[in-house]
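Several structures are given next for inspection.
In what comes next, chain A is part of two complexes: it sits with chain B in the first one and with chain C in the second one.
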Partner chain A sequence: MTLNPLNIILFGVVLLLAVGFYGLLITRNLIKIVLVLQILVKAVVLALVLAGKASGNLGLGQSIAATVIVADTIVAVVALALAVQVRRRAGTLDIARISTLQG
Partner chain B sequence: MIENFYYLFLSLVAGFCAYRAMISKQLLPSALYLACVSALVSVMLYMLGAHEVAVIELSVGAGLVTVLLVYALSVIGDDTYDPTSIIPKPLAFLLVAATALLVGWMAYPLVSQPAANGEVLLANVLWKQRALDVWVQVALIFSGVMGVLGLLSEKTHPQEIHPHETQAAAEGEAIAVQIEREIHV
Partner chain C sequence: MAAILIGLVIGLPWLGAIVLWRTRDETPRLQHTLAVAFSIAAGVASLALIPFASAETVISFPMGRFFGSLTFTADGLAVTLTAIACVIGSLAVVFSVDYMRGEEQLSRYYAFVLLFIGAMTGLLLSGNLLFMFFFWEITALCSYALISFYNDDPKAVAGGIKALIITQVGGVGLLAGALTTYATLGSYQISDLLADAGKMPAGILALVAFGVLAAAAAKSAQFPFHTWLPDAMEAPTPISALIHAATMVNAGVYLLARFYPAFEHVPGWKLSVTVVGLVSALITAFMALTATDLKRALAYSTVSQLGYMVYAIGVGGVFASQFHLLSHAVFKALLFLSAGAVIHSAGTRDMLRMGALGKQMPFARNVFILGALALAGLPILNGFWSKELVLEAGLDRGPLWAYIGMLLGAGMTAFYTLRMTWLVFFGEVRESLHVHDAGKAMKVSLGLLAVGTLTTWLLAGPFGEMLHETLPFHSIHRLNLSELAHEIFTAPATYVALLVVAFGLVIFWMVRNQPTVKNEAWMDFLSRESFGFDWLNRQVAARTVQFASVLQKTQTGVLSWNVAGILGALLAVLIFLVWSVR
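Up next is the complex of A and B:
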């Protein structure tokens, strides 16, 4: 098992992905879900650049990572706007209490 | 060797900040820990040679998103309500551990070989090979502007009138009608 910088960054990517997935599974606060999604996307951006570096095409990895960053920012903005409106109308940020899909 | 230590240190601190952002009871410290994660990821991106993306990540991830989060918290208040999770935590931990092991096992062979050479400029890729992405980003930014307008709007809707306000208005109308009748009598 060789230890090079790419392996260590892969460890960091897996660590961030694990924290993000765990947070996504256990949290019920709408704002915190947006925040955990941000952690997941940071791991994905790092993974994309890592893949570009490993395959010798860093420019392609960077361009896709930039697209992901823009899309993620828009998702965060729209989700925060929705969270603010939900809080104003429903008075709570708990996703279990605002759900209308219960049987 | 020292480079490996830097990467390991940055990865561990980023993971710690991400964990603190996830478990923090209050949302404002969570937003600040998220900004720390973004800054550390930017440093790692810069050390990998992705200078442009590192700058974008630092300005957007650690700057714009943090400002938006803090603004949203200032509008709705720092909600410290932390309900219990729907899924049992041990089950979530097992699922996450299995997923992380699977991702690491699948991705390890791809990064264990030495990095190949043959760099291509980001500008060439972005403007020649991935020009469609640029137009998609323009459309997304327009959507983001609409989202910011939604975040900033404070227009009240008819459904938002509280029941006690409507009750008070009805009582006022009833009193006015009664006074009018007494005057006629």
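Up next is the complex of A and C:
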């Protein structure tokens, strides 16, 4: 694998994905989950731009990336607001303790 | 013109379904009127479509790369069955005006009936396999919704779910056939499949052929899927007449007839079709011998007669099978609807509680006898001509053992038909039921169907001619009426069959005064358990539930485990991709 810019960006995407998934695997705190989800989405945004560059449709990749950023911000805001409400009502942010699903 | 008519026969019932769905249940008169108007309009459109029968594709909407084109073809096979569906559909709706009077939730009832009629015509006219599958599934859904119409009755709900699940199993066969065809031929068009079947690899073609056979067997309640139809009899009787005797259950036979030229050279396919038909016809005729529920007895006889049609296709008699389908649709709708008139006024379906009802309801008795004679196959009613044609095709081209089996079936048919008629309308009064004869709307539809039972055999010539003209891939053995009469009356097979039928009638006549004698215990047991297939159904259902409850343990709701599962799957896909690129 040569060290051209595209490969470096690809490495960045994989790194962000790894961090995000690792966080999702170990964390039980609701705020932290929102945080690692953001990291995952950033990986996706980066991958979109990368894919646009690699396939020669840079404009397409960037415009979809911009759309994802907008949508994702809304998701983050709503998720954080919900987390605040959960904390107020349940008194905890630990998802294992607020889960009521019986398996 | 043909395009407009096709639009009308599919669109009118669906428009009616939407309108009826929006009507309020406080206005039953409006609901009855609207339903009758829409269904009769569709019936008229379907009759007007018959002269336009041709092999050409009439309508073609491009639907993009993945669906092919949504095409409609009004060939002879399709327009005939469309006319059966729409005309018998409108007669069933007219009958419902009396039968469903005073029932709750008529908007739901009529909306589903009309939705069904539209979906059925779509299924018949569609020239695209994938859209055929969509329409196929809509008919199954309507059938489910209407079987479970009395949704506070657990038996009706169970029967509906059973019908839905079993026909879905068959639907998977049709879907697999459609997708495989697309994967190998690059087209969903039925005409392409019929033309290029020889170009498909033999193994793939066999997969499609047996997938379609499974779909047809499930839809037409043939062995080994025959268990759902008797339980579907919890539906209101006009529904049983329309969906479970005259139209939807014929879709399977239609499918086999439609694809016959593509699959006839697949090794073992014709023999399998023959055996499916033979086994279905025999075991359900046997079950009809012991049934005491009037509608169940009729349901068994429906499966049995569908077995005759499937058998006819198995031995290559496509025309005989479709002609029997036409006759059967008319006389079985007549039988079901007159049984409906009896059940409606007697308030029970148990034949052992009826008896000597003929004096109190002469009209229902007369038309029921007419239908029963046609079912038994006595001249000169339509059932006689078509059944003789089926048996003759079987003798000419099929294996002898299958023919002998079908003859035995004809004898049993005569026996159980006479038994049904006798138990309900003649004999001694077993319980004093206060019954009244059929109402006015009932009489209209019964009368028209009775006329049909007397006369549809006259259509044999034009019907065969139309199939011959418009089905380029089928070789139709067409006959005009005098040739048909000549062939049937000079063939020794006819007299053998009539002798067997007479034998069945005579045997019943000898035991007529003890029709309620205890059946042998083993006979009762076999019938009640559908020869063990009900047990099989229950086992499959129980094992599925058990397996699901094991899988349920994996649904912990713990986020980390779910993420680990996703990651594991992602890794597996990645490894597979890397491995397959290499």
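As a working rule, the second predicted complex is superposed on the first by the 101 of 103 C-alpha atoms of A that agree within 3 Å, B and C clash if a C-alpha of one lies under 4 Å from a C-alpha of the other, contacts with A are read in each partner's own complex, and residues count from 1 in each chain.
Assume a contact is a pair of C-beta atoms (placed from the backbone, for glycine too) under 8 Å apart; a residue touches a chain by one contact, two chains touch by 3 or more.
Only a predicted model underlies this, so the values are computations on that prediction, with no experimental measurement involved.
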Which superposed partner A:Ile33 touches (first chain B, second chain C, both, neither): second
Residue contacts on chain A - larger count, chain B or chain C: B
Chain B versus chain C as contact partner of A:Gln85, first or second or both or neither: first
Which superposed partner A:Val77 touches (first chain B, second chain C, both, neither): first
First (chain B), second (chain C), both or neither touched by A:Ile9: first
Touching partner for A:Asp94 - first (chain B), second (chain C), both, neither: first
Which of chain B and chain C A:Leu25 touches, first, second, both or neither: both
Intersection of chain A interface sets (partners chain B, chain C): 21, 25-26, 28, 96
Chain A residues within the chain B interface of the complex: 2-23, 25-29, 31-32, 34-36, 38-39, 42, 45-47, 49-67, 69-71, 73-74, 76-78, 80-85, 87-89, 92-94, 96
Partner chain A, residues of chain C touching it in the complex: 552-560, 563-564, 567
Complex contacts: residues of chain A adjacent to chain C: 21, 24-26, 28, 33, 95-96, 99, 101, 103
Residues of chain B that touch chain A when the two form their complex: 3-4, 7-8, 10-12, 14-15, 18-19, 21-22, 27, 30-31, 34, 37-38, 41, 44-45, 47-50, 52-53, 56-57, 60-61, 64-65, 68-69, 72-73, 75-76, 79, 81-87, 89, 92-93, 95-97, 99-100, 103-104, 107-108, 110-122, 124-126, 129-130, 133, 136-137, 140-141, 143-144, 147-148, 150-151, 157, 159-160
